[in-house]
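One chain, subunit A, appears in both complexes that follow, with subunit B as partner in the first and subunit C in the second.
What follows is the complex of A and B.
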């Protein structure tokens, strides 16, 4: 029994999503081709990758939070806030791009710090803490802004519009962020502590991991990723937008992408590679439906079904593995 | 996520936590009284019975939603689908009734049935397919929003009949001293009574045990999957009732239920119920919803605009939960 499972390439939750992605690409490609279009044409590929970039960067940050056994519901508002900070600081001038980026890093990092401190020092449940912080930022945004504000110089719009061949620069940024995250999670001491904390907080603490400090850093990283996504959206829109994050549903969608990628919501299991797969899968489904000109709202129905079905399959595999172990 | 059932010292000894710790309703009662006093100072005629009843009428949908959400949360789960369910129900009702008074009662029955069905699906997917409820109900949220938009082609159609709206708007008129007793308040009282009875029954005790420690509950012979599923059905049913009342208050739009899932969860937590399950009372959850509604009323009276209100709301929730958490530790 054990030798059999050892020889067969194991499909666990994080590489399962790549299999699903491959199958979706093949089936979707055929469907679109019979419809007379092309899923792999220049235009559709570019817009597909473009869409994946924004959500992807947020989802990488969310992966950290979920791996640590936490989660961040404030990211959508952080995105809106940082897009405004970026655009207003730049105010259309090339020379102010760097200060704007620094301001975004400072503000998003500070929000992550507050999230982390609320969760660890005041012991507020992560769901409520980040929801409360999100409400605070939402209030500030709605009070201060009625519509788009600030403006982004043309030089900064390269981030949103340039591309290398069919690959947008923003997508490369997403892959870069994901690669750094992969190294941090899999190769650094912090990464190991992160997994340990998410796996079992008490065991990690008793083993000498400073779990509070791990969680605080995790939330700073998560918010910073949302800040980067805010910069990207500001560059894409040419201005800051007070509702771009909430309307894009980045909070729940990023969590969905992470879970779709096989990271366990309870923490401690999964990784950033799965998240990249999850983000791409969502983007490909989007792309297929766009090409087939299916009702845009129906897309959301399919998305909901896919997310639940994927997690159900992971859960089933996990259960089988446990049963096998128990039998052995 | 930090919603696992508490284990170790925190799960033991109800006595050590005392009257102020997690799960207790004392903090929410204090906050509610303070807010009610503040509202009374600002608007002295708030305490006239008719005004008070009108206030309760407005609060009824949120209190009912919070009661439903309580059953799910105390068993250690989440229901993120209730906001979209409320929207779906109102839009469905409007399209099916389409101004025809004769269709009212069949549609009311259908709306209730649909709510229970959505809850049943949530419960079965969570317990049989072992999908975390956060994901199940998030998926259901996407499905309901998408389906409703698809079905109506992007904007709500039809109209609710006057009979349908009566449930949320009107009441028994000409009652001495009280004036009008709104139907919404009567429905609220009945449901609140049922919820309290349910939590005192064996079902309620098993539900609490499941939320505290599902494994122990199962080993002790509790039908864990069964009670968790029922909790979701209750939540779906409550969302349906809330939708009927909300449909009476306002117009038909896709915004009716927007964000209500978070408001309901917030209300429940404000009422001293612990996310992750096992602790807290349904009375606390309903008081939490009443407190939240009072807070919004007060902010309104103080002239704090809708925008800043959400910031104040966020701050007060953080403060209330933080104080609860710190007290639980000492």
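What follows is the complex of A and C.
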């Protein structure tokens, strides 16, 4: 009896986003078609997936942080910094791709470590700690760089421009990162401890989970994801760019994508599958508005409405569930 | 544990306490709140480290730096407030922190199978390893807690107020479970306020008072009176204040009042009377109080206050009408834990009559009320979280007294409150009724329900199952609550 019920799919907020995505695709497809364009054409699909890839990788990292009841506002600056480290280390030479990747991993990992230590050992609120670290990096970037620097060899640009059929390699990378993250969150011990820590720090601690260690690892993972996104953007741009992260709004957008995906901002509930849906939903909305050539300001308004509406729907569902439970 | 001492912020909360527990023994630890029971248990389970003294398990000295080490040493603890994740499954909760792995990943199949075995071993087959904990009832959640401790091969199990959240028929199940664990040779440290269960279960009893061990006695040689004397340092002549002579006029009447959780209810709350509400958890007792207070208001029928029809749609409207509600969830709904005693006591007055200036007189009167209900705190500026349960409840009470309510709804007013403070709360409740207020008191504790109430209604499945006089028997209440015939109390 137990094995059967265990396989029963649960309908909750993390698959709600896929429903929303489907509806958006249908409605958007019709709108764009009546406008004379095509949402599903080769070009628009490619650029849509291309856009999703960068944000997606960051959002996967952010999912870890948010699930653990934390948050990372430094990701945008980590992206800028790592794009520069990558491009400057490579300096156009094929042989220096590997050292560059290692450097990015080391630096982004170290930033995550600092975030995690500030949050756990100095007990600084995650919002403030990661904002502070982010601003620190921002200061360094603004002081050291006026514009793009370094250069990426052509061999490394395959990451940014190659594709398999209509699917960009970078998007596959995003899906790969998400798949690994799914396994880690849902099937590894660390994942179980992560969700427990986000669900209730005290419960986790009293159950013998080393919550500090969980949070530190979480932040290292989150920063590493931002580092990977930095590598991708360097590949895409051909150089490192000191403002690419902040201008792309990767900090708040990654949080928005995670929340759209049904992960509870307070932590302890949600998952990476929802985040993938959230990222795609944001990308599709972008794609639709680009096709319709809508005023970019209006685009922002619509995104805001979508995010607020999604969270409101989740909250309403939750309330209904609580009432049902209490009545039972 | 030998000679254990602990102080917080320079305040000594435990000094030179000795306590031991043998395999297969239930050793009860009793004492008022603030006596140091919880601190002692936290030391035994590795949450806190003692400043002095030592711990030994099976003769071996141990130092427990954290809960993980305590677990490894075979000490399991079941906390008063459940330590479970409502969003996760039973199996995930049971094995939290120790998930079995296979090829680097969590072996969920093994985890479920092992959880099912453990559940079966305590006779709780109705709980499934894949159930989400948040969907389980309170008693089932406690079973999960116990199973979690057992999964550690605990040799010593600490149970902190295990019956606090249970309805009476669930307590029986817990008893059976405790005896089963005992038969397995597990030593149990059983912390409780309820002397009846201490006598039912334990073989020895240790009394703590003001952080010191007063006495350890064999249960067979002990009497409740003697224990209470040790705990409070005085005899409680009578547990409950005298009841009302004749009730006054009806203050609140309900005629066919109901909502999504309550079937139509006819009920009178009378001035000067304590109306007890019995029933199992989830029988609609709290829903009734919450409807009266406008939290989830009535959607059908009539409610009148003083003969005039009212239907509070929000707590604010209820407060304006002269209704006060002391919630059962003191920490969650009753108090702003990180605010001061004074701020908490002023909460309702400030909300009802906000004013920029001239709040001084109000503050003075609330201070007087806090003194009148005898709140023991370092000062009115102390954060309310550091107060004992009894003192916290008095702060809640002072807040409502400031509003001079005519109708008071108490939901489990003495849950988690020690014997001495309990009597004080009971006297305050009775005093309010004597001064003409209509009191509704929900209680899962039958002696309290019977001892306090002038009249008792029992709820079952969202409806009134029946009404009983104040001198009814426990069996009568139980049979109404469970719907079983009188002869076979559940």
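Just so we're on the same page, the second predicted complex is superposed on the first by the 317 of 328 C-alpha atoms of A that agree within 3 Å, B and C clash if a C-alpha of one lies under 4 Å from a C-alpha of the other, contacts with A are read in each partner's own complex, and residues count from 1 in each chain.
What we mean here is this: contacts are C-beta pairs under 8 Å (C-beta built on N, C-alpha and C of every residue); 3 or more make two chains touch, one makes a residue touch a chain.
What you see is a predicted model; the values in this text were computed from it and never measured.
*Asks:* Which partner does A:293 reach: the first (subunit B), the second (subunit C), both, or neither?
*Replies:* In the superposition, A:293 contacts neither subunit B nor subunit C.
*Asks:* Could you say whether A:164 touches subunit B, subunit C, both of them, or neither, answering first, second, both or neither?
*Replies:* Neither partner.
*Asks:* Could you say whether A:316 touches subunit B, subunit C, both of them, or neither, answering first, second, both or neither?
*Replies:* first
*Asks:* Thinking of the overlay built on chain A, is A:129 touched by subunit B (first), by subunit C (second), by both, or by neither?
*Replies:* first
*Asks:* For A:268 in the superposed arrangement: first (subunit B), second (subunit C), both or neither?
*Replies:* Touch status of A:268: second partner only.
*Asks:* Considering only touches as defined above, state whether A:188 meets subunit B (first), subunit C (second), both or neither.
*Replies:* After superposing on A, A:188 lies in contact with subunit C but is clear of subunit B.
*Asks:* Look at A:202 in the shared chain and tell me whether it touches subunit B only, subunit C only, both, or neither; answer first, second, both or neither.
*Replies:* In the superposition, A:202 touches subunit B and subunit C alike.
*Asks:* Return the chain, subunit B or subunit C, that is in touch with more residues of subunit A.
*Replies:* B
*Asks:* Would you sort A:210 into first (subunit B), second (subunit C), both or neither based on which partner it touches?
*Replies:* Touch status of A:210: second partner only.
*Asks:* Taking the two structures together, which residues of subunit A meet both subunit B and subunit C?
*Replies:* After superposing on chain A, subunit A residues 202 contact both subunit B and subunit C.
*Asks:* State the interface residues of subunit A toward subunit B in the complex, per the touch definition above.
*Replies:* Per the touch definition, subunit A meets subunit B at residues 66, 69-71, 118-119, 122-129, 131-136, 138-140, 142-143, 201-202, 252, 255-256, 259, 265-267, 295, 297-305, 307-308, 311-312, 315-316, 318-319.
*Asks:* Which residues of subunit C touch subunit A in their complex?
*Replies:* Within the complex, subunit C contacts subunit A at residues 47, 66-68, 71, 77, 79, 83-88, 92, 96-99, 101, 104-106, 108, 112, 116, 128-130, 134-135, 148, 260-261, 282, 287.
*Asks:* Please output the residues of subunit B touching subunit A within their complex, sorted ascending.
*Replies:* Within the complex, subunit B touches subunit A at residues 1-4, 7-8, 80, 125, 129-132, 134-136, 138-143, 145-147, 149-150, 154, 262, 265-266, 269, 274-276, 305-315, 317-318, 321-322, 325-326, 328-329.
*Asks:* Residue numbers of subunit A touching subunit C in their complex, please.
*Replies:* Subunit A reaches subunit C through residues 1-2, 5-6, 183, 187-189, 191-193, 195-196, 199-200, 202-210, 268-269, 323, 325-328.
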